[in-house]
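Before anything else, here's the structure in question.
Chains: A, B, C and D, in written order; residue numbering restarts at 1 for each.
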């Protein structure tokens, strides 16, 4: 399940609701990952653009991979502006097995950072500035420049 | 912070309270791990013994390690009986950095399984049976048998 | 004609381009000063599926999307 | 005399043993049928600190704890 929110994600509600949703599913391990906006470099927050069609197909491919391992994934992300000390990203894996869950949350979050079609902007001095220095070209980028 | 509970850990309350406790601490990543009792092999639940003095020193050593990496750890565990589909273990790392947090939750949970002085029993047919087949000798075990 | 869309931080309106493969799209964009510098860092999707070959065939009505470097989370 | 305690699933009351090192404790326990089979899988703590050598010195009043295989979580 993929959930998008305008502004901060409702972290507390998500952590509890997801736990309750799977309370009877007989998963032994639940590992959420929560990303929160840090106060650094004088920003007042971050802002995000999302291209939903490709985010959804990327997420669906991961869900299929999780299903094959007996696990499931849930994810929520913010659109637009997110203030300091609030959260923009919550992802979670549920699995019968601890080791599967620990590996999957790592691999999922790392691939999310490298592949999910989301663009980050610093909010600074009333401006919205693309975070080019922290961004990663998606695998296979550059063919149009050849 | 290490918290022990008689019976199931209050997972929902812990996930939310820990998030709130560190809401202003400027950590970018929060990763809880929640262990829930699975319905398998006909058990009606699990039960736990804890030797607290050594659990506390084990946890303190990990907290020191986390502090050196700029992170912090929190952990809760059950004492006594825990029914199916409730949780006996919640651990969490907070870190400024995603990669530090992902590696630390993995290493912490794996060392917890191998080293924390906690003994697990299956509850079955009204009996409390030591889970010998799933238990691991602590590193350095066996010197008295030499 | 295919429609070329620019995502995220590329501040540019969509274009209509005559193209039978992605190679034709590349040629059109390389002569466009506004987007030229983005090309070597952009991934490309055709009808919302990422593609990795300039030989990808296109037909009229297809949508080509340029995805600059990402940073979710 | 040192006090020897058995933790977790080892169903045995604490013992008082005359010992100047852990080697003396090992000798006493190896002749005790109730605990003999646990010894090769147990870790040992002296005054709540894990130790790995039979040469660990003991003094009167010390507490020796036997920790059988663990499984938290």
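In the analysis below, a contact is a pair of C-beta atoms (placed from the backbone, for glycine too) under 8 Å apart; a residue touches a chain by one contact, two chains touch by 3 or more.
The structure presented is a predicted model; accordingly, all values stated were derived computationally and were not measured.
Setting chain B aside while the other chains stay in place, the touching chains form these groups: A, C | D. The chains in contact with chain B and with chain C alike are A. The chain with its C-alpha centre at the largest distance from the centre of chain A is D. If you average the Cα atoms of chain B and of chain D, the two centres end up 25 Å apart. Work out the mean CA point of chain C and of chain D, and you get 71 Å between them. Counting partners per residue, chain D has 73 as the residues that reach two or more other chains.
With touch defined as above, residues shared between interfaces to two or more other chains in chain B number as follows: 35, 98, 109, 113. Interface residues of chain B, counted against chain D in their complex, comprise 35, 48-51, 53-54, 57, 77, 88-89, 109, 112-121, 130-132, 134-146. Residues of chain A that touch chain B in their complex: 11-12, 15-16, 19-20, 23-24, 26-40, 85, 96, 98, 101-103, 105-106, 109-110, 113.
Contact residues of chain D toward chain B in the complex are 7-9, 22, 25-26, 29-30, 39-45, 48-54, 65-73.
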